[in-house]
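Everything on this sheet refers to the single structure shown next.
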């Protein structure tokens, strides 16, 4: 059926999903650290919204809770912690443009297409009215990974990691109307702990190499000093 | 049931207490005590499993496959904790970390044990994922315990790579859940492995295939499969040695365990399609690749712990290959190999710990004449490496014998790769080992206080397994083989 | 038969006990000399008894041990073949056990290495015994690798020298590869026979292709252990650096264990034999024999020379085996049995004289502290007993009648001269050529050992410490004497031995040598009296008689006095010991005639004082042709592969992403 | 009577063995005489070698102070081994028990035994010449031995036996058959014989010029009876090879029974054969010059080639028929 025939709620859903995808593109090529964090927060917010819509539409009550969880974690807590980190490492002014942006963006687009192609068999499964979003969530995961590959700045890498988590969450919501509660809590807890540890590591890395450029973390290698 | 709970949650309680306990002296002992408690509980658990097939409930499930891994985990946990008490004391004397560091160490040690045991015993794939992620989180601080630039770097790489990998694994889990929801009416049970295994044949093949790819890449990162292995040598070489021992001995096993569980589901779902063996082929490919690549890496090592971590990659590759090969013989061999490899490898790391204390460095070129300086350490290292290289009468030989012959049966041409891989790996190990143990000792190198009890126990067990496999263990392994490969040997 | 098996088990137990006892030798050094080694000798004796009883009885005995895999317990199996090799292990083991204590006394000062020596010697012996006794592939492999590993530790015994460590490493590496390929060979048999027990494998029906694969794997594996060219490079490195009685065990016995494995695998288990295998074995065998003796000629380190000559003798043994395979493959079972017996006989002989020679080298090392021929000389008058026994060893290894080496070579010739019975003209032509190679090898061996004996024991001492050499203690002499007596007996009474040996082909090939010993103990007639006969006792008797006659001849009323004086030497003044022919000079004609086969770098340079210096080094071509290329290959692979570990985390993540995408693409 | 029949062959063998002893110096003398005649010299009398031996036996033996017991034992071993080797070669009658005791491979072995001790004796004193002679002698024989055995194998494969008596019997039974293989084998065996017995062009028995000596260099230190035994052994060896070539390739006339007439003819015939061979050898030694030592291998390779051709000729041309 064509888009026009879909119920309004679902159309809204698709719009939001598109926006989420857009935010991760923004995240990918955002130069300023702070605005990257904001973009990440927006992504979280959008996903929370999607969750609420799915909850009302699909009538899965526990999704309200996970929507709340997402909002707390991804929109408030983690961005706030990142902000504090950035301030402590006085990186507010830090900007770092993406190298070869055109190439990277093309790669990201390719990933989107790839994930759509990949998601087809799943879309073929008539299950929920959110099925089309599977492709989007997969794309977000892959783009997050891509961002980690192309962004040498530690904080940005963490952002990429977190946006991968967003993608996963979106996938959970869109495909299966959320995971069992136990798992959701566990995942959320892990993410939180991970965020704390990332904070610790920012400081440790800063202490050891006076920078957050992970490219300079290259002592441990077989190629250079092991030439016998 | 209580046995399960005791086994799993004793370490958790221990972790909490240790986190609060100030005296690092008592912490060391308490660490040992908790590990011992957990081991006794696991022994009890094993006994009850041996009596009445399997234990299930509270989304825990212990069957023949994981019970022996549970016992193994608890056992290695105990011996390593025994070793780590004097070791960490020595570390503290040499000012490489402070009291706080020791507190973190002990607490995280038990937390890690908890996650391992939880991952092994749980029946819920989601909890499994949480536990494995928890294992990363609990060990990553230990890798950076010494705060040297290398340590921090290693920890960061470990964290990022395993985090990404584990995220992918979560995606796979989600997809599995998605596939499950079609065939199951109760969504809550959608992640319960036993239920899924019951309906494995109904799961949508396309989805399960994609899911398995994500899971393989995800958990494969933790197994240390090439080309996702790069974190492993760094983490092993920079963390404190007891950590390396448990990482090599336990974490890799658990990750492999997870992959096997999912492989069983995937096989069931793909059985009807044109490529029923797909998962197996993937495992074989990754296993063989890791096996060969790691063997080559062994030749260019300066850091002794790095070298042995590569040897871990090699052996995990071998096991992965064998599980992919399938069939009772190969599976039995792989299970046995899991057992003997973790025993031997942890023994090796413990010995290496002593050796590094003797020489005061991890640099292979500066570890010399161990046999002259401290025969106990030198000989243990020599014997243990001979064992890991697959020389009888040690258990590794038995399992490799089974693997090779099984391969000869099923895929004769792979034996050529196996043969050359084993030879290359062996050469790599011994060409570095010999100067370390043999030869004259350098000036001013003296023996250290070493507790060789754990090593001796491990080697004795491996020797025993090489000479004769006790019947009860044989029955376990056989039932596990039946679970995985659907065939008997006995 | 069962008592034979129990004797064998007793031997294994004693060997293990000796290694156990010597674990405490670090605290009580004398323990090794007074308890462990005598027990070791007893173990050898028990094995000898077991072997002889088994050969005499000619039956088989089996037994199952409560060890091994749950569905594959260790099985012991003792038949005539196993018994024969038990006897070989036993006699050399006993001799080494008698010889060793005096050697050990020398090193008791550095007592922390004693447990290593004693313990692994015991393990080594028990490993070899178990290989021979094994009744299933699993126990066979366990014992095999145990043998390799323990001997590795013995090679590494003097591990202070980096060269010895390298030798030990090379040895263990090749032993490991060989073991793996043997294991795969058994894997092939097992997958057809449906089990690892030898009984199951015997019953298996292999397709010719797979049978050839199994044969190839076994040939590579056992050949590597037996030191066949071109897989021999480890042997001359590893055997000399071990303590001398260990060298005797390794060269004399361990190589025979490899021969045993080959015979068991190919003749007994594989079933249908194809004549092409025989051609391959013949080719490799003759190559090894020739190269072995030529390289032996080039050596001047006594133990190294003996090691190379082991390569030669194993080549001769495999020539015999190849002939046997060829005849069996073309359906001549009698001739196959004959060639097999010849090979077995030579195995026994080589065990005896090579053990004897290595013990002799050990004696020289013990009293003159010298391994280099160029520094020896005149030892016959310093240590007459060792000199005499060593001479017997040299005569035997040079295949001179009436000593034992000649008998086995004669049998091999007899077997090869029956080639006219073959249908294929090519084979008819091939075999005599091989025989000619064998003849050349024998003559060169004679040359080689004239050099050894003449340089080491005759002439003048070339260095001061050799001039001060003392006779060795009687226990050492006794150890050598045992083997020397064996050499003489086997040379003089071949008929009895062949009668015993022909049980083996009867058992595993179902065809013995009915004619060989049909004409009484005097006559050895392999095929028939008119095709060729040899009567060693009569040869000895006639030699004695003629010696008497000659003595009588010159006793007829002529001067009996012998006047001592300076040597004549074409009127040169009394020559100094440095004017003697050196070992290198002695071998120089051969080096010129066979120059192509060696990698020689020779140079004459004058140092600043205007003194001429002549440097000469003869290298093994196998290194440049086979080993170094492989090593380079591995290194190149390593250099490529380490790029994976570039150190940049983003690249690692890139790998993860790439892998993921590739897999996803494959799957959908 | 039958007791006599079993005893007779042994007696015959003993007689033959003694005949070798007796004939050896004669052949040497004959050879020298012919050579002298070819060189237009009168030369010594036929009996000179006997006189030399007698004289040497009468002289006292002088042994270097540096000599070991082996030095004094060697002459007897060399002599006895050579003599026994000779005794196994049928001289005047075919069916000898000694031929059963030791076939042709054993014969080669016995000669090798003699050579082994000869070389050791050469090295015993520790003079440079002794070592040189030993090294060269051993190399020459090492190269000669495969050629000889190949030639012998050709015969053995024709006769299906390594037993000299049976070989000769087979030859006689077959009658006069022209075998290409035998031609080559004969050539090979002649070359080998020249090399082994130390004749020109490989070695010169008459020389005492140090650097050209091979055999002489080894026995340089001997004197008196020791020297006598060595010389005698060398002469026996010459006769041995002569008899071998003569009787294996041209066996006609040899006694196949123990009838006195047969034996008499046999003795006469073999004497003529040997003398004829000696003439041929003398001629070749007069026309040829001794070659450099390192060209000797070429000669022996030729021998090996001939033997190989003989063998292949046998396999290809003769067995098929």
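Which chain is which? They are A, B, C and D, in the order written, and residues in each are numbered from 1.
As a working rule, contacts are C-beta pairs under 8 Å (C-beta built on N, C-alpha and C of every residue); 3 or more make two chains touch, one makes a residue touch a chain.
The shown structure was predicted, so the numbers you read here are calculated from the model rather than taken from an experiment.
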Closest chain to the centre of mass proxy, which here is the mean CA position: C
Among all chain pairs, the one with the most C-beta contacts: C-D
Between chain A and chain B, centroid-to-centroid distance (C-alpha), Å: 31
For chain C paired with chain D, centre-to-centre distance based on mean C-alpha positions, whole Å: 35
Separation of chain A from chain C, taking each centre as the mean of its C-alpha atoms, in whole Å: 70
Rounded Å distance between chain B and chain C, as computed from the means of their C-alpha atoms: 44
Sites on chain A at which at least two other chains make contact: 118, 121, 145, 148, 214, 217-220, 222, 226
Of all residues in chain D, the ones touching two or more other chains: none
Interface hub residues of chain C, defined as touching at least two other chains: 642, 644-645, 649, 653, 656, 660, 664, 668
Interchain pairs in contact, sorted by label: A-B, A-C, B-C, C-D
Residues of chain B defined as touching chain C within the complex: 156-157, 160-161, 164-165, 168, 206, 209-210, 213-214, 216-217, 221, 226-228, 230-231, 233, 278, 282, 293, 296-297, 299-300, 371-372, 375, 386, 389-393, 397-398, 401, 404-405, 408-409, 412, 415, 419, 422-424, 426-427, 430-431, 434-435, 438-440, 466-469, 471, 474, 478, 489-490
Residues of chain C defined as touching chain D within the complex: 377-378, 380-381, 384, 391, 395, 398-401, 406, 410, 413-414, 417, 419-420, 425, 428-429, 432-433, 435-437, 439-440, 442-444, 446-447, 450-451, 453-455, 457-460, 523, 529-535, 538-539, 542-543, 546-547, 550-551, 553-554, 558-559, 561-570, 572, 575, 577, 579-581, 585-590, 592-593
List of chain D residues in touch with chain C within their complex: 17, 57-66, 68-70, 72, 76, 79-81, 83-84, 87, 98, 100-103, 105-106, 108-110, 112-113, 115-116, 119-120, 122-132, 134-136, 138-139, 141-146, 148-150, 153, 156-157, 160-163, 166, 208, 210, 220-221, 224-225, 228-229, 293-294, 297, 304, 307-308, 311-312, 315-316, 319-320
Of all residues in chain A, those that touch chain B in their complex: 118, 121-122, 125, 127, 138, 141, 145, 148, 154, 157, 161, 164-165, 167-168, 171-172, 175-177, 179-180, 182-183, 186-187, 189-190, 193-194, 197-198, 200-201, 204-205, 207-209, 214, 217-220, 222, 225-226, 228
Residue numbers on chain C that touch chain B, as the complex places them: 66-71, 112, 138, 141-143, 145-146, 148-149, 156, 159-160, 162, 165, 168-169, 172-173, 176-177, 180-181, 183-184, 186-188, 190-191, 196, 634-635, 637-638, 641-642, 644-645, 649, 652-653, 655-656, 658-660, 663-664, 667-668
